Structure formats: C-alpha cells, structure tokens
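Alright, structures below, take your time with them.
The following pair of complexes shares a single chain, chain A, combined with chain B in the former and chain C in the latter.
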Partner chain A sequence: MPPKPAPATPVSTSAVQTLWRAYNDNTSDRLKFVDSFLVFLMLSGVIQFAYCVLVTTFPYNAFLSGFSSTVGQFVLTASLRSQVNPENKNEFKDVSPERAFADFALGSIVLHFFVFNFLG
Partner chain B sequence: MLSFYTFILFFLSLSGLLHAKSSDGDSVLVVVEEAHKKDFTIFFDGLKEQGYDLTFRAPKDEKPVVVEHDVPAFSHIILFASESKNFAKDITPQSLVELLSGGTNLLIALSQKQTPLASLASEFSLILPPPGTPLVSFFPEREDPPSVIPIAAPASSLILSPGIAPVWFSGVAHALGNNPLLVPILNAPPESFAADSEGGADVLVDATEKGGEGLWAGSQLSVATGFQAVGGGRVTWVGGVDMFSDKFAKKEISKGVKSGNVEFGRDVAAWTFQESLVLRIDSTTHHLVNSTTPLEQYTTNDNIVYTAEISRFNPQTSTWQPYSGITDMQLEFTMLDPHIRTALPAVPGSPGKYSVTFRAPDRHGVFKFVINHKRKGWTHLHSSTTVAVVPPRHDGYPRFLSAAWPYYAGAISTSVGFFLFSAAWLAGESRESKKGKGGKAQ
Partner chain C sequence: MPTAFPLPSDLSPATVSNTASLLRIVALSLISGAAIASRLFAVINFESIIHEFDPWFNYRATRVLAAKGFYEFWNWFDPTAWYPLGRVVGGTVYPGLMATSGVIYSFLHALNLPVDIRNICVMLAPGFSALTAWATYMFTKEMKDESAGLLAAAFIGIVPGYISRSVAGSYDNEAIAIFLLMFTFYCWIKALKLGSALFGTLAAVFYFYMVAAWGGYVFITNMIPLHGLVLILMGRYTSRLYVAYSSWYVIGTLSSMQVPFVGFQPVSTSEHMAALGVFGLLQIVAFTQLVRSHVSSKQFQDLLFVFAVTTGILGGVAFVGLTYTGSIAPWTGRFYSLWDTGYAKKHIPIIASVSEHQPTAWPSFFMDLQFLIFLFPAGVILCFHQLRDEHVFVIIYAVMASYFAGVMVRLMLTLTPVVCVASAVAFSSLLDTYVDAAEPEHAEESSEAAAPSASKKAKKAAAQAAAPDTGSTLTDIAAAATPTKKGEKPKTKAIYGLDTRLAIIMNAFGMLAFFVFHCTWATSNAYSSPSVVLASTNADGSQHIIDDFREAYYWLRQNTPETAVVMSWWDYGYQIAGMADRPTLVDNNTWNNTHIATVGKAMSSSEEVAYPILRKHDVDYVLVIFGGLLGYSGDDINKFLWMVRIAQGVWPEEIQEPNYFTPQGEYRVDDMASPAMKNSLMYKMSYYRFSELFGGGAATDRVRNQQVPKVGPTLDYLDEAYTTENWIVRIYEVRKEDLLGRDLKSANAFALGKKRKRSKPVSRRRAIV
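After this line comes the complex of A and B, so read on.
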C-alpha cells in the first residue's frame, strides 16, 4: 500500500495543526474534559491578574484569594490529570484513579475553605 | 430693724473689702527697711484695701521666716529693700528662685547699687547697666532733676489699664535678653539713657566717639518687666522702688494732672499676684462624633471631637468665670511629632467651651491630645491626654466592595467549576465502569 498522501502533501500542515490533530486523536475524552477545566481556570486567572494590574489591587486580600484559588485549583487538577493518565501508570502504581480523585476533592475543599475565609 | 440694716451694711462693706483677691492666696510678705516703710503707705494701703494680708519684715530680720517646714509661708513676696546688700539668710537668690518655681510670686525693686538682687536679675535675662548709672532724660523740659522721668504708658498694654496717666520713674533701666518668658511692662522713653548722675550729656559725647558702643539708651530699655516662670509663678522687676512711693503718687505730671503711679502700682501688683490675665483649663474631654462617652482607644480614621473648658479668674468677684476670648488656641494630636495641629476655636453660644472635630490619622500608636498655649502675660495653658489609636478590628474593615467583584466572581466560579467538574467526573466514572463491564463481557 502506498504511503498516505497526508504527510507528503505540505499543503496547510503546520506543526501546530499536527499537534492539535495528534492531541485530538490520542487523548481520551476524560483527559480532554480535565484539560477543558484547566483552560477555564487559566483564563479566569489571567482575567483576574489583568484586572489587578490594569484596574486596582485595592482589596488586596480579595485579589490574593481569587487568584490563588484559580492557581491552586489548577495545580490540583493538573495533579489529578497526571495521576489518572493511563500512560503514567508505571509512575503511580500505588495510586488508583479513585484514590487520585479523592485526594483531588479533599484538597480542593480545603483550598476553597481558605479562599472564602480570606476573600473578605 | 435698724440693727438688721447695719448688719447688712456690715456684710456689704466686708464683701467690698474682699472684692479683689488673688487667685493664688492673700498673704504677702513685704521686705522693706523699717525707715522706708512709711514711704509707700498709699501702695500698701491699696493692697490692704483689696484684701491682702501684709506682713512686714526688715531685710536683716530673721522672722517671720519665708519657708516654714519646707512649705512657703507666703503667697507673694514684695522686695522693696532695693539698696540692701545683706539679707537674712533665708532670703537669697537661690531661695527666691526656689520659691518662684514653687509658685510664689515676687515683686522686686532694683536700684543702681550692686546688690544680690541685681545679680539675680541677670539670671532672668535682664541686662543691667554698670552700677551707679541711673536712667536720665532731659526731655520733656521740667523743673525736676534729669533722673526723675515721666514715662507715658504704652498705647496698648495687657497689664496696664487703658488710659493710664504717665508715671514718674527714678531708678535704673535694663535691657532685655531674648528669653521668651519675659513680659515687658513699661519701656524707657526714647530720649532717655543711662549715665551717672553728674555726667549728664558727657556720656553721650563719649558714646558718640565710640560709635554708640556701651551706651544704654532708648525705648528698647525697660523700666518694669514681668517674668512668668514655667511653673506659673510670676516675678516683676521694677527699676526703681520710688515708682511705688507716696512722693511720686502725689506728684503731678503737669498742672492739675495726677500721675499714674497709683494705678501703675495697682496694675503691676494685680498681674504679679495673679489677679489679672490668669487662665486655667477646667476640663478636657474627647469622644467620637455622635457619641458622648470618652474612649480609651480610637480606631484610625475615626472622627474625634475634642472639647476644652477654659476659665479666667475674675478679681472683682474672686471667682473663675468661663472665658471664650482666646482666638488663637491650637490642638495638637501628637505621637512624638504632631500628626495633626488644628485650631481649637471657641464654641459660639457656650461660654468657656472650645471644641474641634477632626479625623484621626491613618496611623496607629499611642497619641496625645496636647493644648500648649503660651502667650506673653497670660497664664500658660498646658494639657495633655493620652489615648491609643488602633487599627480596625478584623471585622471592622468594609466588605463587599464593588472594586473586588471580579475577584469574588473568580473565586465563586472556581468553586462552582470544581463542583460541576466533580459531578461530571463521577457521572462519567460510573458510565465508564458500565462500559468497562460491557467491554469485559464482550
């Protein structure tokens, strides 16, 4: 069978498109769902940081808690993603996906407890 | 009925006798040579009439003592023995300074001789000319010797009563140092100068050759000067004891015009013995706006009301009366430095009350409300109240600020997102496990 024409044809194929296609093809729905949550958190953090820089830092505790809630949630979610990713099974032999989710949920609840205390 | 009437009259006359008492006590020690005692009868009788209790003592007498059992025995001391070089051992410059700082008032006459009192005068920033040089003036033209000078009172004076006639003076003038506690009462005439009694105009010729050096002349010299000590005691230095004498009191300035020496003596004694220009702070309070209770601590940026009640002594009735006449009083709110210095104006309509509202600085620490009102001639007013200024409590800050809504929205959306994510995750897990079972079954 002759090789597929796709890689050979240079038409409109850039590295980004390749990456995107590879991501779409090789990532499970579950991880895509996690990634969409990560993107949401990142955007939220960027908006808050821009507001802080451009408009006001005045209730500084509110900025700190709002911004750190997105950052903290991002870190926790990223940890969850790496732990439930089947490709990392060898790294996390002792951590089942259920255990990873329980860690994530507990960590997030503690995080939000602090965030709302500090929000003012 | 008649006896009742005389009874009333008796009390009226008594109250007349007592009409002008000092705010500081009525006992006066007069140190005067026995031989000169009768020279000042008008002045002394005037004091007695006002209600003062005069005790006479010669300079070398041991009794009555000035300080008994470490307590000053008299409220006021008049030292008219201006030419005495030797005093009894309890009247020394040191003991006089000690009495003054303890609140005893002094009326001291100087002379052209070098006496212990003359050396004490220089401790009060009074600079005396060399001994033996009285003040002389050849103007206005008159029959009297040049060392007997009529001096017109200043146009406006706090201490001397307005419209007082010129006073006769004979004695020594002094220059004033730059001590802020000095209160000039009467300055020498501009044409006068210090010279020995025979020298006369020769002194002027000598001084002109030296370019004016060493000449004591002009209206910058003072013949009567007050000094108010930090503790409130007052001392008046008069250049010549003759100002209070009967001779000058009766001597006419010009035909038919009485001299002002009697009024001068009364005014100077009234100021020295703390009858006139005497103020005090009755009370000070502070509280929040819309409240009446004083707090021990205030929060930064609180609006604070500070109120002071001030009275002035009225010698006519011997009472303290509310006084609203101070226009330049200031309140300071200090922590090391004054963080706030603001006018403390009188409240219109409530006599004696001064009040100001101000916002506490945005700075926490131990602060003091300070009134520090020092004006020449008047009693110094000083009051200091310590309060703490603290930052707001943890729940004292404003909440739900509109500027913070993006942050609130961010935090809430993260939490909601987490909740939805968890729900979807769990739902997906159960579906997957079903799928997984199905897969195994296949």
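After this line comes the complex of A and C, so read on.
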C-alpha cells in the first residue's frame, strides 16, 4: 500500500521519504503490482464518493453497489496481498499463495454477483 | 506407565482414528435422529398442523410462493390484510423461510415426490434442528475437540430452550435461523483461525441467508464486530483477523441490502454502525502495521499513533454528527427496550404487550436448560484458561446472550447455543480427566490422600484432583488452587484407582440421564401444544381435543361472503387470514400502531362510540376470544388492558386505563366492575348471554374466578352470529344502519318496547279519546 498523506507536521516530510525508500527497497515486484491495483481502486472509490457528496446520491443503490464494489475489491485484494506476503508466512500456515488466489477469485465473484444484483 | 484399567496395546493408530471417526458419524446421525424425533410429539399427540400465530402467516405466504412462483410472491400485495390499507408482503417480510420451503417443495416435486406443502412446512423445523446439531458440533470442535463437539450436538439436539421454538409445526423464522446463526459463527471462527477469505465469504453468504430469514441477524451484525474489537484491544490484531473480518463485512453488508425489508439500513441505522466502525478501525490498524513493517523509527511510530487516534476521534465525531443531522437513524425503540426493561411499557405498549417480550422468570432458565445452566459458567471459565481467539468469542457471546436472555423470554433462544457449547466444553473436560486411564508412577504414597476424599465428595474431587499428564485444563485449576511451596518437591495430584473414576463418571452419566428425562418431559408437556387445538383430559384419563378455533374459522369461511371484513384483536389476524381466508383489520405484523389502537379503541369504548368506527372500517364481523366457560386464560378479557393501553397511547382524552379498574384498583368483571368496563364492547361481547347458560344459578367466570352479574349485558349494535362449542370463540355480526334512519339503540328499544308496552299506552290513548 502506498503511503497516505499523513497529517502535515514538520517531521512528516522526512518520515514519508524514509518510508517511501524503505517500501521501494523491500517490496517485491509482484506486491508492487498488487499495490498499484489497490491505488487504482482507492482513487476510483474517492472519485465515486466525491461524486456522491458533491453532485447527487440519487440512485442510492447504484452508488452503494459501485462504492462497495471498489471497497470490497480493495479489501479482498489487500487480503490477498497480506496472504501472499512472504513476511506473513507464519500467520497463514494453511493458506498457500495458490489457495489465497482461489479465495480471492471466489470472494470477488460473490461480491460482484451482489454488486450486479444491486445496481438496479 | 501404570494405568487404572487395562488398555488394549496392539491397536495401530490408524485403526483407532478410523474407528473414532466412524463412531463420530454414527453418533452424529443418532443425534440428528433424536433431535428430529423429539420434536414430533406435537404431530403424534395432535396432528400435522401449523402452530400458533406467526407460523400461519408464513404458511400462507409459502403456499402463495409454491403455487404462483417466486416473482408473484416477491411482488405480492395483500389487500385483505390491514383492511383497508393492505400490506406489501413481498417488501415487508423476511423471505428466507418461505424460500427454503419453496426450494424443498420444488426439489421434491422434481423428483416426482408429490409432498404436500403443509407437511414440508410442518417438518421444516425438526429437519433444520438436525442441521443445527451438526453446526454446533463443528463450532464446538473448533473450541475444544470432537468429543466436546458431540456432546454439544447432543445437548442442542434435545435442549428444551431450543425445542420450544422448533417443534414440528412451529413454522417460524427461528426454525431455520438458529442453524444459520451457528453456522455463520462457525465460518467466522474458521475464517479467523485460518485467515482464509474463503471462509470469510462463506460466513458472509450464510449471514446473507440469516438476514433473509430472521430479524435477529442484528445479533450477528454486532457479535462479530465486537469480537474483532475486543481482539484489537487485547493487542491480538493479526492479518488473519483483517482477512476474515474484511471479507465477511464487505460481502455480508452488500448482500444484506438485497433483502427489501432491510434495504439501506446497514448503512443508515445505528444498529449496524458498530460493524462499519470496526471495519474502518481495522483498515487503519492494518495500514499502520504495514507501515511499521517498513519503518521502525520512534518518531514515525509517534506520528502513526497520532494519525490513528485522530482518525478514530474524527470517525466518532462524524458518526454523532450524522446521527444528529439525520443521515443515520438513531437507535430504535426496540433497541432501547433491551437496556431499559420498563421502556417498552411506557413508550411502545405494543411491544410490551407480547408475552414473549417480558423479562425472563428465573425458573425458566432451569426449565429450558436444566443442568446445563450450572455447567455453563464452568465452561466459560475453561475458555478463560486457554483464551485463544475463538475462546474470546465464546466468552463475549456468553456475556451478551446471558444479558439478553434475562431481558426477554424470547431471547433465551440465542443463549441456548452458547450454553450448550460451554457446557459441552466443561463436561467433556470432566470426562477427559476421569476416563483417561493414565496414573503417575508413585501411586502408593498419595493414593490414600486422594481416594477417600474423592469417594466422599465427588464434586470436590472433580475440582481439585486432576491428572497431570492429560494436558487438561483442570490441571491448571488444581495448580492454581494448591500452590506448591518453594524448595519442596512438587506433590503430584492425580486420580488413582477405579473407584474414584467410577464415582465421578456414574455421577456425570446420572446427570445426563436426568437431562434426557427432563427434556422429554418438558417437550411433551410444555412445548408441543399447537395452541390452535387445545387438549384436556377426560375423567377416565383419555385425551379430549378442544377445537373451537378451527370450528369458528371454518364457520366464517363457509357462512360469510369472501369480502366480509373481520375485526379481532391483532393476535388472531394471521389465523383468520390463514384459516378463514377473510380480510382482517389488524394482524400480527403490527406495523401500524394507529390502526391497532383504532381496534383497541373500538373494543374498549361503549357501543355508541364503537359503532361509527366499525362502520367506517366496513367491519362485518367482530370476533372475540372468551375463556370464561372453560377456564382458557389466554382470552381477550385478560388481554383487554393492553388494548386499553394501546388505545390510550393514541387517544389519551377518550380512553383512560384507570377507568377500567374498580375504585379499589382491582380488575373485576363481576357486579363491582367499573362502568367503563361494563359498557365496553369487549365486556359486552364476552359476557353476552353468558349468565343464561347457568339457568338462573350463579354464573362463574372460571378464568378470573368471579361471579358475573345475573342480568347480562345487552347489545344494540351487534348481533350474535356464532359461538363455538366451548364458547372460546364468539363471533358477532355488525348491524347495518336502520332503514328508517333511527339510531340502532332507539330502533332496538322500539322493537322491544312494542311487545312489552303495547297494552298500557293503548288503553291510555283510548281513555283520552
């Protein structure tokens, strides 16, 4: 996950830079790929939310399903990321990377089934 | 190693495990059989009939679903309920139960098994109780082991607390909901243990089923977040928690909004906000953890801490702000009534008037759970000893459900599963300790000390003595109870000899045997009555069936036009719609308080006031339940005060509760009854011509044990249409307006007076002329 803009305090700039450097050095390309998808989902969610606040919520179910599709996909992808992260190997003894991807795929299918049903 | 009794030593581990799993399967199927069989008392003693009130609506809706298909059911508008308003059934119902029966019905018919839909509805609850036993087995297996699981399954299979809501014919939402509750919890525990999104998704799907089936889904909606929150606060955050909770919450919340009756509530009411809050908190915690894994400077951690706290506070403020501006609905009255037991009586009498919403009486804990209720705390303590993540769940569940069960009789149902689980853990720990044959090496020295005390006081021994090498948690209790002195060689506590073991095990099995007897007795005597059909015993001990309800409903069905509107108190609305197939003013759905209060007002005011109300609502027949002749205590006169209270809530000037009591504050129906009481429509309809039945003797109301006045009430605006064999149901026809435009009272007086006064005025007139 890329750094969120932390509360703007004088210390933060250097800290954020350190974080960014550490992230770039320690993360494998695969995880960076997953992270880029997460960023995309987050931007999409922010845009939808801004639209809902600024313009209209009118088809509320459509907004909810769109927004939950991004949020849901985000957390499912984040789950996948933490399951395949080699650092978490001890926590997920029973979940191999392949199993994690299968879970991710199933979860996404179920999620989008409901999203599609709710779009209206 | 010495053993207390000889053990076979030539068995391979594979044989042992295969035999064990075969035995487990056999035991589980026997438990399912027992669970189903013990629920059939109602069918055997009475007949295959739908019970009570709500099940009649579910049955009626299921018939529509089976006959016309799902889309018709989904769009079903019922013009006969809540006359003249009607009810959008498809959008105001939890369709899970009907859909389940509909699927089973279609499946069986696809197999060319022409089963009647009624039999499916009657047998659904027993069938699902077998599944509940299995789900409880799976859940308890995660807590301890398979043997505890089997015990829990056996307990939940026959415990009266669950049977009370799931006998054959009790076709209500709870019939399938307890299975869904347990299975959702099982999936959640499994997801948390493995960190698997698969089980999280499964938990969400079963949560969706639960939302579609029962309003009690809110219990899950708050239990799982509470568990997550407690784990975070205990410093037990793991990525597994993140995976399990996130996948459950996102899919579960979205899916729950597909049920029309729930709609947007999951994002707009306070009951659901805890889940959202914990979801947000988890995202923040997860993000913090991720950043911490990359950077570990002190400065940065401070920064993160500030960030997390600020976000938390901002979230809380936003929640409060949104509640005030109205975007999030505040807690509903039903919720408040859980915390303040007097709240409902003051503000929402319609909720308080339901007997199953009353606080639980102490004896019913024993009645419903028997010896499980005192094993339950022991099981919770054993959970504290291990305190893995899933044990935290059981502890929270135990605390919450105990509280709710104390507040409302009906919520005993949610307590029952956790009591079964915790007691099974305690009971199987006891058995594990005492069945285990292992004994420590130096049996000679301490056997004198341990054995006599055990044989004298078996219970005490159970708490104090424990085998050190079983790895059981009782060891810890024993160790905590008797701290060893420093420098001294720790004295081994263990169970020695067969007699000790037998004493405890016999005792334990004795408790189990009594439990089975109690459950059978409670089920057959207390929980198997359909309440549509009543039973009494003849002088020779044979059973006599009192079938007044169906007699009356059938009379309505056969003798009145299909459009005849029947007014009754709301308890009987579903039954009238289901059995008599006539439009009703109010029914058990109770969505419109004013409409119910209107009926209450009509019942509790005098005839002159009630008549315009009846005419305005096109009422053709009024139906009252009267138990005075037979001693049936659930009749309308006993419910009358609730009608008065509900009416008073809407028309405080016209209806006042104190008017219905005697000046001494008694609720009487005899000569001393207050004028408001005597003039009320309900009183008149109940006691109309009642005293004639006693042929001049003292007419006694057997429910209230009071003598009603010899001269009974008269009715001017209603005609008695039908009274059943035992007078339980009385039906009155509302008179139409007088043809000559007189009010009915004077018309009546005229009709009567003509006969009685004919001689005198005529003669006087003649004298004048």
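The definition used in the following text is that the second predicted complex is superposed on the first by the 107 of 120 C-alpha atoms of A that agree within 3 Å, B and C clash if a C-alpha of one lies under 4 Å from a C-alpha of the other, contacts with A are read in each partner's own complex, and residues count from 1 in each chain.
The rule we apply is simple: contacts are C-beta pairs under 8 Å (C-beta built on N, C-alpha and C of every residue); 3 or more make two chains touch, one makes a residue touch a chain.
Not measured: the values here are computed from a predicted model.
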| task | Would you sort A:33 into first (chain B), second (chain C), both or neither based on which partner it touches? | result | first
| request: In the overlay, work out which of chain B or chain C sits against more residues of chain A. | output: C
| query | Where does A:87 make contact in the superposed view: on chain B (first), on chain C (second), on both, or on neither? | reply | second
| Between chain B (first) and chain C (second), which, if any, makes contact with A:47: first, second, both or neither? | first
| message | Going by the contact rule set out at the top, does A:79 touch chain B (first), chain C (second), both, or neither? | response | second
| request: Please work out whether A:115 is in contact with chain B alone, chain C alone, both, or neither, and reply first, second, both or neither. | output: both
| Of the two partner chains, chain B (first) and chain C (second), which one does A:65 touch, if any: first, second, both, or neither? | both
| After superposition on the shared chain, which partner residues are touched by A:95: those of chain B (first), chain C (second), both, or neither? | second
| Touching both chain B and chain C, residues of chain A | 65, 115
| remark: Residue positions on chain A within touch of chain C in the complex are 1, 3-4, 6-7, 9, 11-12, 15, 18-19, 22-23, 26, 60-61, 64-65, 68, 71-72, 75-76, 78-80, 82-83, 87-88, 91-92, 94-95, 99-100, 102-104, 106-107, 110-111, 114-115, 117-118
| message | Please output the residues of chain B touching chain A within their complex, sorted ascending. | response | 397, 399, 401, 403-404, 406-411, 413-415, 417-418, 421-422, 424-426, 428-429, 432
| chain A-facing residues of chain C, complex | 194-198, 200-201, 204-205, 238-240, 242-243, 246-247, 249-251, 253-255, 257-258, 264, 267, 283, 286-287, 290-291, 293-295, 297, 299-300, 303-304, 306-307, 310
| task | Would you pull the chain A residues touching chain B in the complex into a rising list? | result | 29-30, 33, 37, 40-41, 44-45, 47-48, 51, 55-56, 58-59, 62-63, 65-67, 69-70, 73, 77, 97-98, 101, 105, 108, 112, 115-116, 119-120
